[in-house]
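Pasting the structures in now, so scroll down.
Two complexes, one shared chain (subunit A), two partners (subunit B, subunit C).
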Partner chain A sequence: MRIQDCKEKELNKLVDLQAKLVKANEKLNAVVSYCDVDAQLENYTAPTDAPLYGTPVVLKDNISTKGVRTTASSRILDNYVPFYDATVVKKLRDAGAIFTCKSAMDELGMGGTGLNAYTGKVNNPYDLERITGGSSSGSAALVAAGLSPLAIGTDTGDSIRKPAAYCGIVGVKPTYGRISRYGVIPYASSLDHVGYFTTNIQDAALALEVMAGRDDQDMTSSYEEVAPYASLLKADLKGKKIGIISNVVDAIVDPRFRPSFDAFTKKLEQQGAILEMVTFDQDLMNALLPTYFIISNAEATANHSNLDGIRFGMREPGADLTEIMINSRTKGFSSEVRKRFVIGSYSLFTENQEKIFRKAQKVRRVIVEALDDALKNYDILLAPAAGTLAPKPDESFGEDLNNTFMVAENHMLLGNFSGYPSITVPYDVVDTMPVAINLLARAFDEQTMFNVAKGIEDITGLAGMTKEDF
Partner chain B sequence: MNFEVIIGIEIHCELKTNTKMFSSAPLSFAAVPNTCTNEIDLGMPGTLPCVNKDAVKSAVKACLATNCTIDTLIRFDRKNYYYSDLPKGFQITQQFYPIGSHGKVNIQTDEGTKEIRLNRIHMEEDTAKQFHTDAGTMIDFNRAGTPLIEIVSEPDMRNGKEAAAYVEEIRKTLYYLGVSDVRMEEGSLRCDVNISLRPYGSDVLGAKAEIKNLNSIANVQRAIEYEMKRQNDILLAGGVVTQATLRYDEATRQTVEMRKKEGAVDYKYFPEPNIFPIRIDEALMQDIKENMPELPKERYQTYVTTYELSDYDANTLVANKELSDFFNEAVAHTKEYKLVANWLLGDVSAYLNKNGLQIQDSKLEAKELASMIDMVANREISSKQAKEVFEGIVEGKSAKAVVKEKGMEQLSDPNAILDLVKQVLDANPQSIEDFKNGKDRAVGFLVGQVMKLSKGQANPGLTNKLLVEELNKR
Partner chain C sequence: MEKDKAYFRKLANQIMFDLSDEELEELKKEFEVTIRKMDLLDKINTDDVKEMVYPFEGETHFLREDVVDRVVTQEEALANAPEVREGQVLVPKVVK
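Let's look at the complex of A and B:
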């Protein structure tokens, strides 16, 4: 589904779409709550030339919506209804968006599979048995299934770009500070980004225009001017210097990968792109995941200390306030989340902080410096977005810390550590499953990122790809 | 006292800004509970902090006034702990890089001026207020997020009097800066005192007691004096002082243990990721420096040197900023500085006390007080008459109007007075004779007669002069 198509349709077609969504969700299990489309249409005032006029939009369930339940797919927030809107919600509504639903996610953004939502596993439309990836699982599944041209997600450690790869759609994580995080239930503040899914690059460029910009309620949001990305969009590969991250390519062992990837890169060269292999220090690549785990969970343990059952959310009884908090948190979070809190808390203890948390922050800086060095020589860094096709849940994903997992499945953390813009674009379909590459650009250089991605899209011919029969 | 007493003080001061430290919710003392809050103060999921620039400016002023070294790169940290009065589950504070450090203030002690060093001043946010009732705990989130500065002294005080003088100095300074209401009884200034004893000459600190939330300066002194004695008695009896948190019970005038301080809580401080470091630029610093209000120590200096007030009068006036402001306004209209101070600390204060008023709430105008005082000094009215005039000007009348109304206007026309003088001399030949015989007392008698004849309105100085001249002519 494309934004332009929606803008040309009659508004009341959105009611039919909502029915279709409900039906499809029986198979996808991607929705936590539905939004009241009728009510939104009744009060609809957007002019027909609004950028998202009549456009249905899915919101990840960690984005606060006034009066609409927002659970972040966690039991502890199962009954939580915010009394304020996230900044991104206001911006989308002002641009004409109609919200259709709140989508399922790995609880509080913690996870990369879509297996860890309170509503259960989210299913991949290309193969319902397979996972969507996560944590923005429901948003990815719904765009891939042709049920929405635009879905909002968040990306702390590749939570948009990985599911985009598994589901064969475009996933954008702009520069840190480009889109306000105000009203978005956090995972880890220094790594969290608001981003989104579309089926094509034109829509991706338009969506950023709508959502980007300084927000005084988010002190980390940037004053950098928002460019008219969509009107400036132009497929641009000729003479572009693209560095391919060799550590990632070399880490992939699936025999189906190489032929497809080589064919793709050859086409890039045919279009005039200058491709070179870039090799990062392997120790730094291996340090990505542990560094991420420490920083993200340390920040998360503090960020989620407000979920205590006292002022909102699910409250378990207890003899006193302390007991109420302990009981509510014990029952309100899954064991995966509690595990991450323990790790985060441990790394912040006074006796551990210097050698764990602070050290991780230093390693993060060293990694970003290495990235900066690489970006001095290239307009864009490119790598396969995943080491395998979307796996099935019984495959022991991530249990074995081998090279494929440590590097091929986690290299997109470079985008979170640095905050630099990054996009996932599908480039092929292998054994009926989509495969994708990921691009990483310089800070606030989203235009170059979009232009190269558009060139890629033109080569692959996969713009607008969806999987509607599942 | 058999031991050396070591006292350090932490002062939490609520800043008087329009909005909260990290949210745009209004600050409002005594508003209906839970009406001055928004999603940020309530710690709702997804909210982010936004630093209040005015609070930072206030903190800078406090640092400048206490001679702190200012770190112009503002950074915040999280202090993590779970409590129902802390909505986010962490407090945003400045643990690693306080805005001010290495400060010092001078206090007056029995031995003279003493310097008290400040360890640090840092900014943070206040917690919600809890009310424990039989029915349960009520939480008012109005206070949550109120900007605070915490001022931490070095352990430089040695007795209750010094501690009280230090708190008073800080209170006065913050009040003059206009950054806080500094009302201890209402909690906008809160004091925690750390106190320990050690043998003279020892350089090891003894186990300390922390006395929490003292609600008046008098209680700071009383609590310390009680606690000094308690620890002294324990140590003399061969006992051991245990580290503990205490409160001061006003009714029994004793310190009471709240909890033992065993293994301190690990607050897991770490840098606040949602606030990037903020640089206070040179222009803003300059602006703050140039607009610093007059500080109490500066005002004291002016009083003692320029106005030649006594040390006691100067201190007493400065301690009450509004009275001191009134003094400054009054001395703009008269040169009788000492008299103004006397009136303010005497009759004016007595009047205010009697009527339960503050100077700013009374109808008395500084200009009128000055005008009345000048009349006394110029002997246009007597001191006794001044008391009557005062009764009028505290009701908002002008001094001149009261004088006129009460018929106290002086006769100052030399011709008119000379007429009276002649009348009196004509009627008292014996007194002229006495004068010629060298009896000076006669002049006094004759002046009295002129005054009597003028119903007390003849200018005494002028009368005296004209009378002597006329006597010499006869």
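Let's look at the complex of A and C:
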């Protein structure tokens, strides 16, 4: 589904789409709550030339919506109804968007599979048994299933770009500070980004134009000017210097990937792109995941200390305040999240701070400096977005230390550590499952990122790809 | 030093939740892998490197005069509270 197609349809078709969405969700399990489309249409005032006129949009369930339940797929927020809209919701509505639903996610964003939502596993439309990836699982599934041209997500580790890869759609994580995070339930504040899914690059460029811009209510929001990305969009590969991250390519062991990837890069060269292999220090690549794990869990532990069942959220009985909090948090968070909080808290202990938490923050800088050095020589860095096809739940990666997991499955953390813009674009279908590449560009250079992605899309011919028969 | 289940239960209770025996067992195992992963950072020389706290270090927020620009009503502020009495969040007696 494309934005332009939605703009050309009668508004009341959105009611039919909502019915289709409800039906499809029986198989996808991608929705936490539905939005009232009829009520939105009754009060609809957007002009027909609004950028998202008549466009259905899905919101990840960690994005605050006034009067609409917002749970972040956590039991502790199961009854939480915000009294205000996130800035991104306001911007989308002002641009003409109609919200269809709040999508399921790994609880509080803390997961990469789509297996850890309070509403259960989210299913991949390409193969319902397989995972979508996460944490923006429902958003990815619904765009891939042709039920929305645009879905909003958040990305702290690769939570938009990995599910985009597994579901065969475009996933954008813009520069840190590019889209306001005001009203978005946080995970790890120094790594959290708002981003989105589309089925094609033209829509991706337009969506950023709508959502980007300074917001005084988000202290990390950037003053950088927002470009008219969509009108400036131009497929551009000729003469572009693209560095392929060899550590990632070498870490992939699945034999089905290599022929497809090699054929793809050959086509890039035929279009005039200048490709070179870039090799990062392997110790730095191996440090990506532990650095992320330490920083993200520590920040999450602090951020979520306000979820205690006292002022809002699900309250469990207890004899006193302490018991209420302990009971509410024990029942309110899944095992997975509580275990992560313990690790986060451990690394923040006074005696561990220097050795663990501050060490991770220093390693983060060393990693970003190495990335900066690489980006001095290249317009774009490119790598396969994932090391495998979307796995089945029992094939999900253990937290082990092998190279495929540590590097091929986690290299997109480079975009979160640095804050630089990054996009996932499907490039082929292997054994009926989509595969994707990831691009990383310099800070605030989304235009180059989109232009190269458009060139790639023109080569692959996969713009608008969806999987509607599932 | 190997951490036992009591150690992890104490950590959990400090941040106001509990873990079942089964969860503590899982955490104990996962913690060993986590520590091995954390040890990978020791291979990176960070002498004279400053912590990176946020991606960009340019100023994006400033002190300003206090100006009322948004007001949350009492009704809105209490709308999600599980128990409310006389305009305040109700909890069991704190002072006995």
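The working rule: the second predicted complex is superposed on the first by the 467 of 470 C-alpha atoms of A that agree within 3 Å, B and C clash if a C-alpha of one lies under 4 Å from a C-alpha of the other, contacts with A are read in each partner's own complex, and residues count from 1 in each chain.
The rule we apply is simple: a residue touches a chain if its C-beta (ideal position, glycine included) is under 8 Å from a C-beta of that chain, and two chains touch if they have at least 3 such contacts.
Keep in mind that this is a model prediction, so the values were computed, not measured.
Once chain A of one complex is fitted onto chain A of the other, the partner contacts of A:Gly419 are limited to subunit C, with no touch recorded for subunit B.
Contacts of A:Val81 after superposition on the shared chain: subunit C is touched, whereas subunit B is not. Once the two complexes are overlaid on the shared chain, A:Thr220 sits against subunit B and subunit C alike. Of the two partner chains placed by superposition, subunit B and subunit C are both touched by A:Ser345. Once the two complexes are laid over each other on the shared chain, residue contacts for A:Phe197 go to neither subunit B nor subunit C.
Judged by the touch definition given at the top, the superposed model places A:Tyr53 against neither subunit B nor subunit C. When the two structures are aligned on the shared chain, A:Phe99 is found in touch with neither subunit B nor subunit C. Contacts of A:Ile310 after superposition on the shared chain: both subunit B and subunit C are touched. More residues of subunit A are in touch with C than with the other of subunit B and subunit C. Of the two partner chains placed by superposition, subunit B and subunit C are both touched by A:Met325. Once both structures are placed on chain A, subunit A residues 80, 83, 190, 219-220, 301, 305, 308, 310-312, 321-322, 325, 345 are touched by subunit B and, in the other complex, by subunit C.
Within the complex, the subunit C residues that touch subunit A are 8, 11-20, 23, 26-27, 30-31, 33-34, 36-38, 40-46, 49-56, 60-61, 72, 76, 79-83, 89, 91-94.
Every residue of subunit A that touches subunit C in the complex is listed here, in rising order: 79-81, 83, 176-177, 190, 219-223, 283-284, 286-287, 289-291, 293-294, 301, 305, 308-315, 318-322, 324-326, 329-330, 333, 335, 338-339, 341-343, 345-346, 356, 358-366, 368, 399-401, 417-420, 443. The part of subunit B that touches subunit A in the complex is made up of residues 38-39, 42-51, 78, 80, 82-84, 87-90, 137, 266, 268, 270, 273-276. Within the complex formed with subunit B, the subunit A residues making contact are 62-64, 70, 72, 77, 80, 82-84, 86, 181-186, 188-190, 216-220, 298-299, 301-302, 304-308, 310-312, 321-322, 325, 345, 348-350, 353, 357.
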